[in-house]
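The chains carry the letters A, B, C and D, assigned in the order they are written, with residues numbered from 1 in each.
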Amino acid sequence: MSSYAKRLWLEEDLGDDYRWSYRVSAVLFSGRSTYQEVDLVDTPTWGKVLLLDGKMQSTEADEQVYHELLVHPPLLHHKNPKRVFIMGGGEGATAREVLRHASVEKVVMVDIDQVVTDFCSRHLERNTDAFRDPRLTLINDDARVQLEVAPDESFDIIISDLADPLDGGPCYQLYTQEFYRNVVLRKLAPGGIFITQSGPAGFLSCKEVFSSIHATLRSVFPAVTAYTQHIPSFCDVWGYNMAFRDADQTLLTEEQLDSRIAQQLGGRPLTFLDGATFTGLRQLNKVVREALESEKEVYTADSARFIHGSGLKA
Amino acid sequence: MSSYAKRLWLEEDLGDDYRWSYRVSAVLFSGRSTYQEVDLVDTPTWGKVLLLDGKMQSTEADEQVYHELLVHPPLLHHKNPKRVFIMGGGEGATAREVLRHASVEKVVMVDIDQVVTDFCSRHLERNTDAFRDPRLTLINDDARVQLEVAPDESFDIIISDLADPLDGGPCYQLYTQEFYRNVVLRKLAPGGIFITQSGPAGFLSCKEVFSSIHATLRSVFPAVTAYTQHIPSFCDVWGYNMAFRDADQTLLTEEQLDSRIAQQLGGRPLTFLDGATFTGLRQLNKVVREALESEKEVYTADSARFIHGSGLKA
Amino acid sequence: MSSYAKRLWLEEDLGDDYRWSYRVSAVLFSGRSTYQEVDLVDTPTWGKVLLLDGKMQSTEADEQVYHELLVHPPLLHHKNPKRVFIMGGGEGATAREVLRHASVEKVVMVDIDQVVTDFCSRHLERNTDAFRDPRLTLINDDARVQLEVAPDESFDIIISDLADPLDGGPCYQLYTQEFYRNVVLRKLAPGGIFITQSGPAGFLSCKEVFSSIHATLRSVFPAVTAYTQHIPSFCDVWGYNMAFRDADQTLLTEEQLDSRIAQQLGGRPLTFLDGATFTGLRQLNKVVREALESEKEVYTADSARFIHGSGLKA
Amino acid sequence: MSSYAKRLWLEEDLGDDYRWSYRVSAVLFSGRSTYQEVDLVDTPTWGKVLLLDGKMQSTEADEQVYHELLVHPPLLHHKNPKRVFIMGGGEGATAREVLRHASVEKVVMVDIDQVVTDFCSRHLERNTDAFRDPRLTLINDDARVQLEVAPDESFDIIISDLADPLDGGPCYQLYTQEFYRNVVLRKLAPGGIFITQSGPAGFLSCKEVFSSIHATLRSVFPAVTAYTQHIPSFCDVWGYNMAFRDADQTLLTEEQLDSRIAQQLGGRPLTFLDGATFTGLRQLNKVVREALESEKEVYTADSARFIHGSGLKA
């Protein structure tokens, strides 16, 4: 009571019958866009937390891990990544990690919500430098539209940092076979790599969307690597799928990966990821592995598998 | 979900095994003093709410009723109230109601916490005029000290708008027989009236502090009138005790009270209180009446009856 | 932690943005009927609590007050109550209070849910004697149907202990002008009295249903008396409306009421109600009084005023 | 509302400012021992949940994974496990998994709380057969005492399924260097293997107890293998440490492990564990790996590193 009396709680449903709550010590900033409410709060548990529509989007405590795993596996597996396209990622952390790679010359980041990108570029201290980096082009628009219209241009890396393909959600189209085949694959340069965050991937949750995203990518790309990691503030293990454009691209060994990290990042090692870590993350457990192997459902423009109550990374 | 997504809740314990929570739509202002945290939040349920140390102090939805019942019964029963002393009341609403009486010439309000009075004078729109009224003298100090030292001065009305006499709380001394006899009674001018908020007064809660405050006052003053009213944001019926300095003072009839309201308040009737209302409020139910009649415990400098987990008006 | 470690909470919405929770120390019994779930739980705050569909229906801590106020005002105002009809009241406490009156010869209690009446007759110790009283006839059916069909029979007292006239709720028809005129009024014997629980009646909540129930009764009966009392476990002040069948019936004075209690109840006084109490309860405050006076809306078979999220006494 | 109206929630603190809640659809059984409260509840989220002192102990949804990882790695790495000692494990699931191994001839399970073992042997359907297995000897006593006194006896496998070494908790002594050296090591037969659940092991939580348990074991045993897996109902990644008695014992390859599973378990494969899974689980990420490598603190009879607010497996 003496040192911390305010009893403001943020409550987040994790399912219909299941929720968690964490104390909020201060509401630092609040705003509202056409699309959503945007808040930055401070918490004893997670440090500063970015909320979109009252949902945890990213926390000071663990966003580094989430973003390292989204960005560095594809950039490290590419021989010489120069041009990178980010779908979503308005928070700026994805761009921040991309820009650590010395070879990168151009980053196009397309996030629909200008209020979010303005807010984060001013208030998320960890990411403000990234927003000011001259290599970054920030566009507030529909990511699909911008990727399609990019004139005569192709990218070495395309990163999808979007909300899960939720029931009725705006992002569903960006997870379909048609989008992967007609837009993503065409916009990847030779040797290009696509990665997408892929929703919850625990042994209880991997069939919500992770397995179908994986199956959809396998139906389009010659090689797809799935890996997972527990992200505490998402209250689950999280999945990623990395797809190679060409059949001759291969996964690096632990030693090769460590060596690439040393070369590409100017001597600044990553916090969480190294060669040994990545080998562990892509060695999936039996339940998840069998779920991926047996998944028949592919997301198409006509069909959907909906996720309810979890996978809230928007 | 569409129009109101933020799910920030303020949680308040009502007892060890009992609590309530209400949604907070915005944290409007926050501050911290030597004594406590001070916040103003907006809520769908109560409108704007002032919080001290995270506890509901007063709400836009029902503070008018609480303050009318604290201020107007004593001022209306006094023949010509000119000088008024307020112990506590930093929020400003008690002063606001006092200043509605045309006869009032001077109000001395003593609240220990300057951060609270500064905050409320700027941010509580309903009370800003009261803080600027030239008849008001605001002092940030211990109410007891200021009442004792007020040189050669006496008051027509003394209002105690303090926290309950909680276990170890700073206000306990201001509810004792010694304080009433040695300070309050001496500082009341002939015909003077003292009133104090008196904590929870429901049939389940009236023995927590209400009955002992009543017994203590009866041991000092010639006539004490108790009355109660349910205050929704306090989650209980609340008690008041009004004490007359002199034996010849009497309660007004319904008609006399209505007539006094018409005279004193410049033609602006009260929202909640009128003659008929007051008659009803002081007609206590059997359980509460018997609790007051049978109460033997008097608060003295040496003894205390403590209240736990309720009566949080601070 | 040491003595009471279980952290089971029962959570009840009090509105869209407002709820309370109380600890449950034990789930004593559980059942399910065609209509609802039925549970009896023990709690540190309220003692044993009867829940219907997870909502607090009645608590050991304050049901006595609720039921005294529902039953004794009409029975005490009647000269010689012999025949009583109870609509709802499956818990048994209403019947228990009725049966305390020595003059009562027959009580017909009609509650739709046999699971509730079976459950309460076995598990609510305070009420088991009432269920076994030979003067009680218990019928599990629709109260309206049973009241209509009761052959050639009339009642001195009709008590409505039903759920509020909720949006879409099954009880709405039992609060309409048509029902009062065509059924209740006809089934009352000369000198008969009707009473109904009337929902939340605080200064913030009295227009939800209380004022319209009052207006509806006034449109049918020659005299209607409203009174209110805070019921802690309902988290609000609660309203009652008592209607006289005939124009020559009058309210008793405090002394007459005390004298009737002494006569009728075999020397066992009530816990909460006496003459002085009743005078206080029917002396309404200005806000509620004006709400009743100005209410134009009468519940008819065609119209409704709905209540949302409160007034959940079912 | 229609199909599931009861709103009973079980609330569990995950830290001082952080908690979760899940709906309880039924309290199936409740009891109390000298040591703790014991409850079995049903929940929509986790299926049946065993609670000790109101804390989640094990759930139908994921206990299989927790117990497979505690039991099968040591039994599969042992050439011919015949005699097994279980410290704790009163729920019965650890014994159940041990008894799946055809080579096992004797299992001694020592859990202090007879109420828990009686309760689980009757009410946890998944484990009732294990409790009745003639190879099982169940003793309700202090595990340390029983392990020390076991006359002239040694074990092939010793499994520690105890509460974390919590501040002031009864289990701390069973995690010390002295206990491992003087009791466990002496009671292991040649080729013997010890395993202990080792608390939270996520990148944010691995220094709470996991790294020190690991360091303590390494200071006593010639080879210690750490591995981790996310257990949803523990709301974190969980750690295990497996220690070999002798320097010549080695880890199996994926293929060897798969082959052992086929031999030992009578053709019934495990749900979660296989060779590939185990390789992934012991390939720790950089943060956890470095935490284990750099940990200097060893639990001794005199010192402790305490865990607060998490790691509640008791």
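Convention: a residue touches a chain if its C-beta (ideal position, glycine included) is under 8 Å from a C-beta of that chain, and two chains touch if they have at least 3 such contacts.
Predicted model, so just to flag it, every value in this text is computed and none were measured.
Q: Based on which chains touch which, give the shortest step count from chain B to chain D.
A: Shortest path length, in steps: 2.
Q: Report which interface contains more C-beta contacts, comparing A-D against A-B.
A: A-D
Q: So the centre of each chain is just the mean of its C-alpha atoms; given that, what is the distance between chain A and chain B in Å?
A: About 54 Å, centre to centre.
Q: Roughly how far is chain A from chain D, going centre to centre by Cα mean, in whole Å?
A: Centre-to-centre distance between chain A and chain D: 34 Å.
Q: Of all the residues in chain B, which ones touch at least 2 other chains?
A: Answer for chain B, listing residues that touch two or more other chains: 21.
Q: Looking at which chains touch, is this a line, ring, star, complete or other?
A: ring
Q: Using the touch rule from the top of the page, what pairs of chains touch, sorted by label?
A: A-B, A-D, B-C, C-D
Q: Within the complex, which stretch of chain C touches chain B?
A: 14-23, 43-45, 61-62, 65, 202-204, 229-230, 232, 235-237, 270-274, 276-277, 279-281, 283-287, 289
Q: If we count contacts the way the header does, which residues on chain A are in touch with chain B in the complex?
A: On the chain A side, the touching residues are 1, 5-12, 21, 24, 26-27, 30, 36-37, 39, 51, 53-55.
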